[in-house]
Structure formats: C-alpha cells, structure tokens
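We call the chains A, B, C and D, going by the order they appear; numbering starts again at 1 in every chain.
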C-alpha cells in the first residue's frame, strides 16, 4: 500500500538536546496511525516538523510519494496536512468562525464575509458530525467543542492528513467517545490520521498501526492487531509497566475532612456547589467522579480557601476551615496538587528548589525571623528530587525546562513531604505517560497507607476506580451517590455522573 | 563706584580683548523669543562692538536642567570669565552659591536681587515691568471696542503680578468701566493651554489680550490668528511681551503692540560698566521707563494716534512721579481707590 | 455665561486638543493589537512634531498654506520609518518592548533637538507662517445651537481624527487584515499555524503606529504649538497611551477617552471663567482630568483586557 | 552546566559593557557626521565626568537620585510590576522632605532622618494608590501611575505656592539641620555639591538586594511577580503583595526626591514640567540589569554623562543632546542583548576552535 506520509531519518536538535534522532514514520492512506512515547520522547517535535513549524536538521519528508520541503505551515496546508495541537491554537476572544477562517477569509469588497463563512462552517460541521456554534466565542465554549473547532480548522483548509497531538488529554470520557466517532468518520471520508496519545486503550480501540519512540529514537512500528497494551508500554518505557497498582484494602480511621451543607458560587455568581455533604477518613482514598463542570473545581477551591463559601461548613479534624485564609488552611494540614500545574502548581521562572520551598519558605528551617536560608531550601530540594525521582539536571534548574511528568513529580514531592492530614489530588496524572502515572499512583497509595486522608478528583474513570476506596459521584454540585469501586464499573458510574440513579443504573446494566 | 578689590584685579590698562563675558540661560535657551534671547542679543552686540570673538570672548551655556545652573556658572568662573550673567530669577540661589565660591569672578543676576546678601561681586538687574505694562494697558483701554480686555499670565508669581497689576492700572486709569479678565496658565510652556485660555477670554467678549506667559503665549497668538481669519468683525488683538512681538502676529497682523523689556540693553550696559571697572557689584541696577529699560515696542502701526498720545501723557506722569504704578495686588487695590476719588 | 455659551467654548476646545491624542492613540492600537507594547508613542509624537515643523518651515515659501498639510504627510512617512527602530529591537531582536519604547523616547528627544541645532543653529525653531487653522464649517456651523458647539472654530484635523477612528474600527474589526492583526496580538502561535506571518504583521502594526503618532505629533505642532522646542511634546504621548488603555484598545473607546481628556482639560481651563466653578481652587481643576480618569477606570470602566500576547516576543515553538 | 551558569554571569556583565562601548562609538559617528571632533568631544566628556575632584563629586551627586529612581523601577520590575510613576513619587517625596526640612526645628541627628523618612513615606503613599487599585479593582498600574505623575506635578507645585512659597517659583529653603550637604565632602571635591545622600543611596541598594534575595518576603514578592495564580495557591496574599511591592518601590522613589530636596537643591521648585529623573530611572535599571550593584554602576555612568554633557558643549560646542542620543542607543543595545549574545557567542565559538 502507498504511503501518504513518509518521514525518513528525521533529526531535530534543540540547544543541548536531540529531540528527534533519525526517526522514521510512514503513514498509509486511510489509516489511523498512533505515535507513542513517554513525555518528552519527541512526538510533538516530530509532528511540528511535519507541519512546518520546525525545520529538521536532517532527513527527508515525502507526501504522496513526492519529496517536499515544508518550510512553514502554509506549505503544510497546501499539501493537505492539518494539525490539531496538543495545546489548542485558538484565539480565546474570537468566535468559532473567526478562528476557523483566520488566514483564509472569504471577503466581499474587502470586508470579511462572516455570514458566508459561518454557513460554510455549518455545512462542514454537518458533513462530519462536528457540531459547533459558529458565532460563539471560544472562551465561552467547552473544551470538547474547542477541539471540534480545531478539527474544523483543518477541514476548512481541505486537509487530507490530520495530525492529532494528544487530543484526549483534556477531554471528558463522553467527549473522548465522541472524538473517536469523529475520527472513524474522517477515515471513512478518505482522510488519514496520525494520533498521539498516552492512553493505550485508545490506541487499541481505533488505531491500525503504531510507531513508538523512546527518548528521541524510533523503536519501531507495530500492527495494533498483533500487539497488546503491555507490549506497547514495555516498548515505550523500555521495561515492564504495571497498570493496576497493587494495594491492600484500606483501614479507614476517624474522619479527617467533613463537609456539611456546603454552598459555593462560581465566578459568575451561579451556585456551583449546592448543599454538598462529604467526609474523608484517615487512611482512605475518596475519589470524586463527575463530568467536568459539576462543581469539582469550586469544591476544591472552597476547601483550600481559594474561594469564599456561601454557606455550610468545612472542618478538618474539628477545625472550621471556611473562615481561614489559604495559608492558614495549608498550615492546618492540607496538601493540594492542583489540576493545572503550570498555572497553579509552579512558578515556572523559579528553580526547582524554590518551587519545592513555595509553601514552607517562611517557616523554620528555611527562614529564621524573616531571613531566608537558601541552603536549607536547596538541601531539602535535593533530598526530595532523589526521593521522588524528579529527573532534572539539578535543583538549580528552572522549573520551566522540566518535562510535564517531572514537574508533576516535583509538585507531589512538595505537597506530600509536608505530611498533610488531607491530600487533595486534582487530575494528578493528566497528560502524563504510563511510567509517570504508575509512579504517582504508587505514591498516593503509600500516603493512604501511612494514614493520610486522600481526596482524588479525576475525569479518568479507570483512575478513579483503580485508586479509590470509596467513590463519590458529583452531579450538579451535589454528591448524588457513594459507591464501592469493587462493586461498580465505568458504565454504571457514567450513568450516575449523568444524573441517573443506581436503581436505574442497576436496571440497565 | 564698584568694590575696590574688583578694581585691583582688573586693572585700568586691561584691554577689551582680554575681557571675557559669559551667560547661563535657564532651560529656555537663547532662542526662547523672550528674555534669554534678548539677553543674548545684548551680549552679542557688546561682544561685536568690543571686538570679542564668540566662543572665546563672549559665550553662553544653555541649561537643560535646574541642577545644571550652578555647574554652568562655575564653568565660566573657572575658565577665567570676568563676568557671568545668570538669566532669570531661577538662577538666584545658584548665583549666590557661585559668587561665594568664586569671589574673584563677577556675576550678574537678571530679574531678581541679591542685594541683601552683600556680595560685592554680584550685580542685580531689575526691571520695572509694571511701568511698561501700564502703558500697553493705556493702549488697550483706548482701543478696545468691547470694553473687555484679557490678561494671560504664565505662572502666578510676584514677577508676573507686576505685569498684571501694571496693565490693569493702565487700563483702569484710562477707562474705569473696562473689565480686565485675568487668568494664569500655571505654565510658561503650554501653548495648548494658552490657546484654550485665550479662546475662553475672547469668547467672553474680550477683543484684546495682553500675554505675559512665555511659550504659553504662543498659543495666544495662534488663537488670535485663527479668530482674525474669520473676517473683519472677528478681529482680535494680542499685546506682546518682553520683545517686539510684531512678527509673531504676522501674517494676520494680530499684534497690537508689545511691552518690551530691554534685557539686551541692561546686559550690554552692565557688561560695559564691568569692562570699564565700574561693575555695580553688590548693587541693584534698575531699568524702568526712565532708563528706557521698559516701554512700548517700536512697531506701532496698529496703535491709534489717540492711544499714542495718551501713552505719551501717562509716560510723562510716571516719569514725573505723579503716578506710582502698582506692582502687587494690594498696591493695585489702593491704586484703584485713588482712581475712584 | 449661560450653559450653551460655555458648551460653545468647551466643546471646540476639547475637539481641538483631543485630535493629536486621537491620532496617536489609534496608532497605539495598531501596535498593541499586534502584540507590541509601544511606550515610544511619546517619542514618535515628538519626532512627528519635529518633522512637521521643520518641513513646514522649509516648504512654506513654495507651498504656502499647503505646507503644513504636506508636512503632516512627511511626518507620517518619517515616523513610520523612525518606528522601525522599535520594531527591529522589539520584534526581531526580542528586546523588552517597554524598554525599547522608553529608549525610543530618549532618542527622539535627543535627536530632534540635536538636529534642530544642526539645521537652524539654535535650540528651537521659528514659528511657522501657515498653520492648520481653526475653521467654521460652512453651512453646518450655521445650524442653530449645535452649529456653534460642534462645527465652529475647530481645525479640520479634529474631524479627520474622528472619521479616522471609525475607519480604524472598520479595518480592525471587519477586514481580514484586522482579524490577522488581532490574532497575532492574542495568540501568535495560533496565527502562525494558520499561515500568518507573525513578524511581518507586527512590523506593520508598529509602523502604522509610528505613522499615526507622527501625524498626531505633526498635527499638534502645526495646529497648536506652531514651532518646535524641547518642551513642545511634553507628555501628550503618554496621555495618548492612557487614552488607548482607557478605551480598552478599541478605536471608538480610544476616541471617547481622548475626547474625555480633551473635555476635562478644556473644562479645567474654562472653569476659571465660569461662576461657581471659579471658586474651586485652580489646582483642583488642573488635576481633574487625571483624577477623573482614575475614578472612571476604577469605578465603571473596570478591568481593561489587554491583548493576551502583548509584550511577549514571539519565538516559534516556545512553550 | 557549570560552564553555562558561568557564561550567563559573564554575559550579564559583558552585555552592558559592550552596549556602552557601542553606544559611545555610535555617538562618535554622529559627532563626525555633525562636523565635530569626536576625540576632543570625548576627551572633554571624560574630563567632565572624572577629570577633576569636582567633576567626580558632581558625577556622584548626579548619580544619587538616578540610582534611587533606578532602584525603584527595578524593585517593582522584579516583582512583576512596571512602575512608570517613579517621577510622581519622586516629586511628592521631594516636597515631603522639604516640608519637614523647613517646618521643624530639630537637632540634625533627628531632623535629617525624619526628613528622609518623610520622603520615603510620601513616595510610598503615592505608589500605594496604583498598587491598591490594581490589587482591588484590577486597574492597569501603568495608566494609573501616569495619571498620578501629573497629579503629583500640579499638586506639589500648588502646595508649595500656597504654603511654602519663597517667591521665584521655589519653596523656602530647608533648615541647616535637615541638610544633607556637607562642607567636608564639598572640600574634598573642590566645592562640588556632593552630599551625604550617596550614603542613603548605597544603603538603599543594599536594602533592595537584601529584601529581594535574602528575605522570605522578597521570595514571596518575586513569586507573585512571576505567577500570581501559583502564589495564591501557595497561600500568598497576592493583592497585599502587589500593594506592598508598589509601596516599597515608591519609597525608593521618594528617597530620590529627598536627595534633591535635602541635598542638591535644599528647596523645591514649583515645577510645570517633569524633572525626567523618574524616566531616567528606567534606563538605569535596565543598564544595571535590575541588580543593586549594576544600578549603582549604571547610575554612576549615566550621572557622569549627564553632568559632563554641558562640559563637552562648553569645550567643543557639541550639543548636550548628543549624550541623550548616546544613552538612548545604549538602552537599545542592552535591550537587544539577543544580538550581542549572538555576536559574542559566535566570537566565542570561533575562538574555541
């Protein structure tokens, strides 16, 4: 069969690092081709080379058998290559239509013909089943719809070869299902797809072949039908990986966190959490399952003092938290792994050491009467880097230059090291490779076994089921049910999360 | 006579060629179309008349910042200049300091006095601006058709008050019914404000404005020209200040006349005295009507015969001491009372 | 004075002094919408005023009343070129944009006076013989009440400035160019992936800002100051920046803000002649425009959303 | 890695130095084009900067307010804020110092510190306003600071006119007991106006370095500057830190005013235009790479250039504005360090081969 894309012996260097070391990737027409690799393996780099954002130092690219020189994204567009980037390339305060037509605007007497554009987009979205509101602003629409806009951008330009860089990392399970349908539909329409994802399940379910890279080097290409997730993971990491983290049964003790009748409003003044009750005991992991936007964020912000509550109470071992500042709450024994590590978890311009000290810098031994002791801070950082296997050149390295997984490990090291009574982990493994996920899951269970209370909020249902000792289902700001992970499955949870009840769920399951 | 120690160091046989005279301007510079320029004209004339070379015999330094006044003054003193002018009262403190530091050099301060400091190497040059302003006030009062006259001052200060009160006194002496609308721009360097204020005052019905506002005054001219372009019935006038500002009013010809303040004469005069070993150190040298230090500008085409006649009469009265022109608001009130009687 | 008379003084005065601010603020919008901070507007205005006056002085003998108009065009071109310094430094060489703008201000201040001294042998120029005059628009100025308030005693440049604000609004919000310009200022990487030349757009944005600020400076010089000296442009560029931010980087907003400044300023001047207001200490009137701006920003205008990528040099592939 | 860190340090010193040299070369070219002799020009410039004890004294005197303004800008910059309001804060600081210096009769040991602190407090209050409005109402600090500059300009001059007016557009002189002027320093430098303010300046530089790099508060301020959200998640009070940072920056700016009020001038003028020192502070901070020691060196250099410009003009007729052009070019070169890095990098590589 002919190849639509051939990338032969591609080499791309960044100062001090070889991101792609003679990688070869061959994509057949009409297939979904997976690209798999650890964080920082060089997947995005390779795709950016294909899309013309980077120029390779070496190597050859062929499109439909013709050797090409892709000097910038315009060339890629002309060759029918479209890319949906890992981080969305959308202008937040533009409308859907404006984002899609940007650079390719239909005009009438010099004026953008928005009406015609919107119509075209409507037609296109009907054709591929990508429902969007052409006049909505990006900042007002869901992540799923943003993704559809990204896809429409490529289709609007007539792309035949689509690159999806980790499209599912930010999606809810429902949205992922929709996306998979869309990809299948695209293949039917004669397109070819390159898909980057860390989720082996997805590769197994939609992809035809899979190319694996490890630390910038191509490991090989396999037919998906002839392999299994364990083999893929081993190829990618270079050792065996355990998916199901081993854990003993929990031995919960007294309640650490008790939430009663909690009401919280979101930034627009709409009630996001409404009379919510929840408790987390020492020595257990409580997972919160829910569709994104059902009050999880507001709940966490309320517990951690980042958002004022409207009414109700939050107590940590009998101490009322809702009137305290974030700092006081942290001091009284809460650790928080925030869901957006770049925005909320780290000061990217600070060194790893300084980030390790981000919450304890003012306390002994890092500070004495207001004077900072950097030696202590870096000493601590060095210890934690070793203990948590944070891969960094040194504790003096800027946090910005670390890979996502290692940034996350640094945050976890910081939060866990304070031995908090309650550890809140929001989406702790989002966008991470299986090796990193394994490590983080192990750490969370270790903490549980040391007698800490852990509150896990995640959109990944298998993560919730895997780790939790109890699962609280959140729907429209309320805990609608608490289920035992051993006695439930994804279907049932999915229904509960959509507002169904267990009796019904049981009935249909 | 001047201080005896002065005579000692610049002996009678001193040739003009050895004489060096400098001046330090305020931040306005020597082309400010105002007193810095006038001073430099005087100094240039003095230099040329006495065969000095510019740059070595006579020279100026423009200050770009207030902190440079003193260092600029000392530069002249250190370079052996016999006399250095400080143009403008802003340099008063700096001249005081420099004079103490360089007792062998002579300095002259324009527009303020250091007499009370008893520094015999400093001459203080003062003008009777109120007298000149009185005369242009007479012209304004004679020629207004609306009985409303404006005055725009740069910054409200004792110096500019002399212009205002002298002017008002002149107006009221001739035409007690005329109203004088005064406003200060609080800036010597804001033509925008000058024009806006002028616009307001003209709109209130005034047909003549006397400006004593430096660069701000440029805006007054602009506004008057704009209005005068609108037709004969819209013609308004400006009375210039410091120098003969006839040119500034062209081509629309809006300068009625100007109150000239002969800083050039004063500078030339004091320089001559210094060269002749008659430097008036420690003294005030006052230039008024009598000394031709202030007065009405030579361009008088727009001034009516009647007005000129009145100007001559009042000038004589001032010279004779029949009229003492008020300088301050208080003196003006007193003056006004005498008019009513 | 009755109220209408007061208006007839204040409004034309506001239009008069707002025009340079409007031009310059509109220029700033082009630059900042493309993602380049332009503190250098002050310097660009200064250079525009310098060019405007020098050109008028050199041309007035041959061109007469047309000289200031031609001078404004020359200033536009010269300042567009002058702004290239800022563009090269901040776009190509990735300099801190604020700092580069500040440097441009220093450079304009030094260079303009240096050149004046070289050309004319003195520190400031003569007055120009032909200005952009205030006019009363035939016909419109005869309309009862509003004719005197809106159409009398205002330079044409003020009306051009207002019209330009609407034209800029159209360009920025209705044309492909505008869409691309804004996309570059919001998310240059996204624009890049859509095949838009980020660097070229930013150069264009900065050069248009130079052109407009040059016009603003030249208009100020040829209609208000009528000569050029060190203090001719003293803060107007900063006020234009304030108007741009106050107007939320929107052309009509900037127009409104500039008019507001003009109005507040002319009120502070005219106020001294209006009963009641007269009794207010003059300093309070003088600072009123600035205090009102702060109050307006705090009270009802609220947070200004700057272009997201404003001030961030674009590097391909930066994370 | 170690080599890279070392290189970065070297670069931090090399870039300003190379930029200064390039700026001076460009200045020489301009002099040539203008028909002046650059050798003579720079000779007299150098004389004006360091040629005599008095020149050195004047250079240091000119550097004090520049350095403090630079420190104010740099402090805010390091905490993520752009304080373009240094000019206004300097003016209110100046007024406060002069008022305390004039209105009280105290022994010098109390009077001087009191007047200096008053200036710092006034500057802090002035900067507090944009800080507070940013923290509370999310108003852009740059625009508020610009407005505050104008308000300071007109208010200070009006206050002087109303309460402290000595005529001649200036306030009363301060009392001897509040003066930073020193006959000792003056004698040492052949009657320059050098005053004890230089000690205040050095102390301020140390304080800035200490707060930012050695204290827990400084750690917090910088964190907020880099990432408000993460700082908030880490329990820092973002709003309060913004306000504090502006206030500290304003206090430094106020001190710059005290240098003028208690040192160079001993009074304050009723200004109608800005002094420009606040804006110069931006240049100084930049050339000094926002570091305390760098700012001291940069302000010494710029202060020297500025005091020597009239000397150059006096001796060779080169307009003083040339210095402004040279300073502008130096800022451009520093800001465009990318270019210099690239050139130096290539040169380094070439040499290594």
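Quick note on the criterion: contacts are C-beta pairs under 8 Å (C-beta built on N, C-alpha and C of every residue); 3 or more make two chains touch, one makes a residue touch a chain.
Heads up on the chains, UniProt names are A = Heme ABC exporter, ATP-binding protein CcmA; C = ABC transporter permease.
These numbers were taken from a predicted model, which means no experiment stands behind them.
Each chain's centre was taken as the mean of its CA atoms, and the one lying most distant from chain A is B. Here the CA centre of chain B is 36 Å from the CA centre of chain C.
Chain A and chain D have Cα centroids separated by 46 Å. Note on chain placement: the centre of chain A and the centre of chain B lie 77 Å apart, centres being C-alpha means. Mean C-alpha position of chain C lies 28 Å from that of chain D. Those residues of chain D in touch with two or more other chains are numbered 154, 273. Across the assembly, chain B contributes residues 62, 64, 186, 189 that each touch 2 or more other chains. Multi-chain contact residues of chain A, defined as those touching 2 or more other chains: none present. Chains touching one another form the pairs A-C, A-D, B-C, B-D, C-D. Of all residues in chain B, those touching chain C in their complex are 27, 29-32, 62, 64, 181, 183-184, 186, 189, 191-193, 195-197, 199-201, 203-204, 215, 218-219, 221-222, 225-227, 229-230, 247-248, 250-251. Contact residues on chain B toward chain D in their complex (touch as defined above): 55, 61-68, 70-72, 74-75, 79, 89-90, 92-93, 101, 112, 155-159, 186-190. Residues 39, 85, 88-90, 93-96, 98-100, 102-107, 109-111, 113-114, 117-118, 231, 234-235, 238-239, 241-242, 245-246, 281-283, 286-287, 290-291, 293-294, 297-298, 302-304, 306 of chain C touch chain D in their complex.
The touching residues of chain A, counted against chain C in their complex, run 48, 51, 53-54, 72-74, 77, 83, 85, 89-94, 98-99, 101-105, 107, 110-112, 153, 400. On chain A, the positions that touch chain D within their shared complex are 304, 306, 325-331, 336, 338, 343-350, 354, 357-359, 361-362, 366-367, 370-372, 393-394, 396.
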